[in-house]
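The same chain A turns up in both complexes below, where it pairs with chain B and then with chain C.
What follows is the complex of A and B.
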């Protein structure tokens, strides 16, 4: 059985301060100085895949990982090989074209899957750069596999079907879905990817990723931005210059008390 | 422009919010919108659709599978010749919008926070890069979007008279072999005061104390996604996209950075107070006030003052 996880490497935007924001020509933010992380939903997907492989004893599951990006992804890909991902695939994108282009990534992934069919494809719900939340849907539509999600957990898999827990506007549903399918991973119960041991890393020290070129869709449905601007303050943002209980009294005097009196 | 507003109708709170959003869209687009509410048959029957008003199509579904729902919606869209679709925010809104756009062969944007009519087309905005940037888009008059609109105020207008049409139920696709309810929605405490805890809270015990405090006083309580993913809170306590959306009088956001996904859950608050050691955190621009201090120094005096002004318990059991 084959399982593929698509993930995105993102800059850790939580560390970005307002005064460090520099807009780029590509209508993004210059983030070259920020450490990179795996998009949190994708990280859950990667760990879910590993756990599924570990607990399925009846037959072997070959897991692969796919990403579109530049060389910065190589360290993560090597870690994934160390953790047991049989194939790690990188669609080369040195210019960062795919940062915003979900459709190009989906087209590239679909092309790879058509060449190397998979029983189950996992993707995270959304990534912080574009906040689109559509990758899983695009991939599903391109490869004509059903889309199930947002997934909270994968309970069981056999040769014909997969059993999952799905979030449904606050409810949780248990679904058995026939394979092949695309699973969109949401607020999964498992969120952190395990860490490879030194021994595991040394085992794969001489291995490499597979590299493919980007595939571009004939037509793009997702509109591209015409302009980007720093976020304008939506609220007053009164900052108390005091500390502790003095700060609380200050805030009460400057607006909070009036609101509380209306309750 | 003939606009269809698509809503996943699970309860009347959703319908009330949908009415506010429909009002906002119609005002800004200078058009009339009709609605399609999809959901389970039993839930649809319990909805007070007159709260939404106007022409409403209801689409019963057995299981919320985006592919099947999009095909049923597309059939309606072609029949009535809608030129634009707005999908209400929800678990599957973005995917549904993208699929509809492909079926209709039009452009799509997801998580739109503002839209206005402009020069024969539409101008949209959405937040990107974790709420750090605002991206502007231009669309032709034929489009599909999923919305993430804030509806702070409501004009005092009555909904239009209801004209309800029930559509042919959406069948379960063949690939869903079994579908059962695993866990029902947990009723959320809806209070005029929401206490939200984020990753700035360093200890699990502190999260528990804050939760206990909120519970004891009948306040709503929630967390940012990373707190729940760390195992310090239940997934049902997540605030924001794919979590709870709140519209309280006051939100106290403790140790919250202000990421877009979280802010979607509290931006409808009348007043937001942030407690964060970093005065230039993203949340500062999105709050009415900020106390830049360690939460341990602030919480006790803050909670004492909250108690003075609020009644002991505010309970309105309601689901998102």
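What follows is the complex of A and C.
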């Protein structure tokens, strides 16, 4: 049986001080100086996968990990191999698309799954940068597997189905889902990934990840708005004198600064 | 409850008032240990006898009355303020102890801008004192990682040291005056003067006593002008820890005094700098003070660094961000608790000091032996964070998975064997087994080798000031009685 976990490496935004908030040309916040962490929901997904593998005695489960990003993910990938992930896959991002482009990452992951079919795909429900929560849905749609979530725990798996605990508007229910499926992990029963020992890491020191290319979309990803939306122009209590995408840039640069000054 | 405990509790209530005597079971459990047994504590396992009570005192007279009583009845007293100790110094290893807590004595008494000193009661949190003096443009210069929770009494009692020590020194360089209470109830005030030669420096009977001879009630520390705008940060990556140690020595021997000089090996550095220095050692310096001095120091260090092509400079912002998030507060400790319970992965430390000629060998042998002899290690590394002209410290940081053992077995399976290797190898090489955390109760096994013939002086001090042996039994000197 094959299980794949998709995870994202993110800057640790809890360490971002107010005085360090600087807008980039791409209308984001510069975070290059922040340490990286595994997105917390993905971290739960990784640990749930390991626990499922450990407690399933009837048949072996081969677990793989997938991420899209640059070489900063390599340390985590090596740790995952040390913990027993059979395959670690990194989609290399040359154009800096991955931070907000769920579409690109989902397309890449879907292509990988089509080539290497998986019985169950796990991923966290959202990441702190981007925070759109659509990745799981996109993957599910592209590979035509049902999406269940947000799940809290994976109780049991057999060759036909997986039993999970699902969070459902303040209640928890048990659900049996036919395989293959996509599981979206929310506030799970476990939040931290176990730690590989030095000896485990040394055993995999000569191994490497598999590298694939990102499936960049054909179109230009960032579309410029054609008209000024008065609500956008007034956002953050700042009235921009500019139009269109220039208004958005102006508000993010100057409007945000004004709001911060008032705090 | 046996009569003795009841008697103790009743007497404490008479002295300090009922509201200041806590006998709640959860509080007593928490008071029976410190961060050395954090793994046990997180699992709510308490292997030490519970104290009879936690007694909060409000002034030196109350401390005197409590100690006089305990001295007469031979009741073990564990002095405590911030509860941030890491070496077992706060453990109540004999039954019917009392934990004497000074955290209610939390007033900043005086900030003297003419004489550049501040006086605070023992229960003042260092960060509160630092914030108060910074409002006036000063700094205490003392910044251990525990700054948000550690209190002045404990900081003096453990001979603590902070991140800016290379410029400002350790607590022993900062303490100008102190008030303390001895087991027989005598309250002693050591006045704050710049320097004197009136016999031995008796402040050093107080500094580092770890609650074994007296209870500190008030401290006076020096102040410096604070120049944050003149701070200059420099960071470098390099491949080799030994190269880094040589560079640190060069900086110190040449006469430069940055406020911060730190060197991380690749393993320890992984926990902090993997986003820009994966697999590398990291060397960093911070200078501060008046503009000309800070800048000249930074320039001097930069000139030294240009002679070392093995070092690659990194962006200052990376170091500044890391430094801003270094300290520990209650929220981080809670985060650690959750992480330990979920992963069974524990972080502990042992800090030593060594002359320059010995530090490389100590580092190498400890890394080698730990890797070979200790199971389930997930990280074993070190950083050097306090530099002197005649040597440096090493702060060994190690993480391990707790596998197939109960919480109460954890320290005998992992922590103590690791500490044994580090302490023994350090002492063998001519270093000191404890740089700034104190002996506590878990390095007592090597205190005879640590002091050698000078152990005579340590023992006689204890006999002189605590003849009945009531002060923090089992700390600094081993306890041979029944627990």
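We adopt the following convention: the second predicted complex is superposed on the first by the 213 of 263 C-alpha atoms of A that agree within 3 Å, B and C clash if a C-alpha of one lies under 4 Å from a C-alpha of the other, contacts with A are read in each partner's own complex, and residues count from 1 in each chain.
Keep in mind that, in the parts below, a contact is a pair of C-beta atoms (placed from the backbone, for glycine too) under 8 Å apart; a residue touches a chain by one contact, two chains touch by 3 or more.
A quick note: this is a predicted structure, and the numbers were derived from the prediction, not measured.
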A:35 touches, of chain B and chain C: first, second, both or neither? second
Touching partner for A:72 - first (chain B), second (chain C), both, neither: second
Broader residue contact with chain A after superposition on the shared chain, chain B or chain C: B
Which superposed partner A:137 touches (first chain B, second chain C, both, neither): first
First, second, both or neither for A:191, with chain B first and chain C second: both
Touching partner for A:17 - first (chain B), second (chain C), both, neither: both
Touching partner for A:169 - first (chain B), second (chain C), both, neither: first
Partner chain in contact with A:178 - chain B first, chain C second, else both or neither: first
Residues on chain A lying within both footprints (that of chain B and that of chain C): 17, 191-192
Parts of chain A lying in touch with chain C, wherever the complex brings them together: 15, 17, 20, 33-36, 72, 74-75, 190-199
Residues of chain B defined as touching chain A within the complex: 8, 10, 14, 63-67, 90-99, 101-102, 105-111, 124, 126-139, 173-186, 192-193, 225-226, 228-230, 235-236, 238, 241-243, 249-250, 257, 259-261, 267, 270-273, 279-280, 282, 284-293, 297-298, 300-302, 305-306, 309-311, 314, 319-320
Contact footprint of chain A on chain C as seen in their complex: 270, 272-275, 278, 315, 317-318, 320-322, 324-325, 338-339, 342-345, 371, 376-380, 399-401
Sites on chain A touched by chain B in the complex: 13-14, 16-19, 21, 23, 27-29, 40, 44, 125-126, 128-134, 136-138, 140-141, 146-150, 152, 161, 165, 167-178, 181, 184, 186-187, 189, 191-192, 221-240, 243-245, 247-249, 251-252, 254-257, 259-263
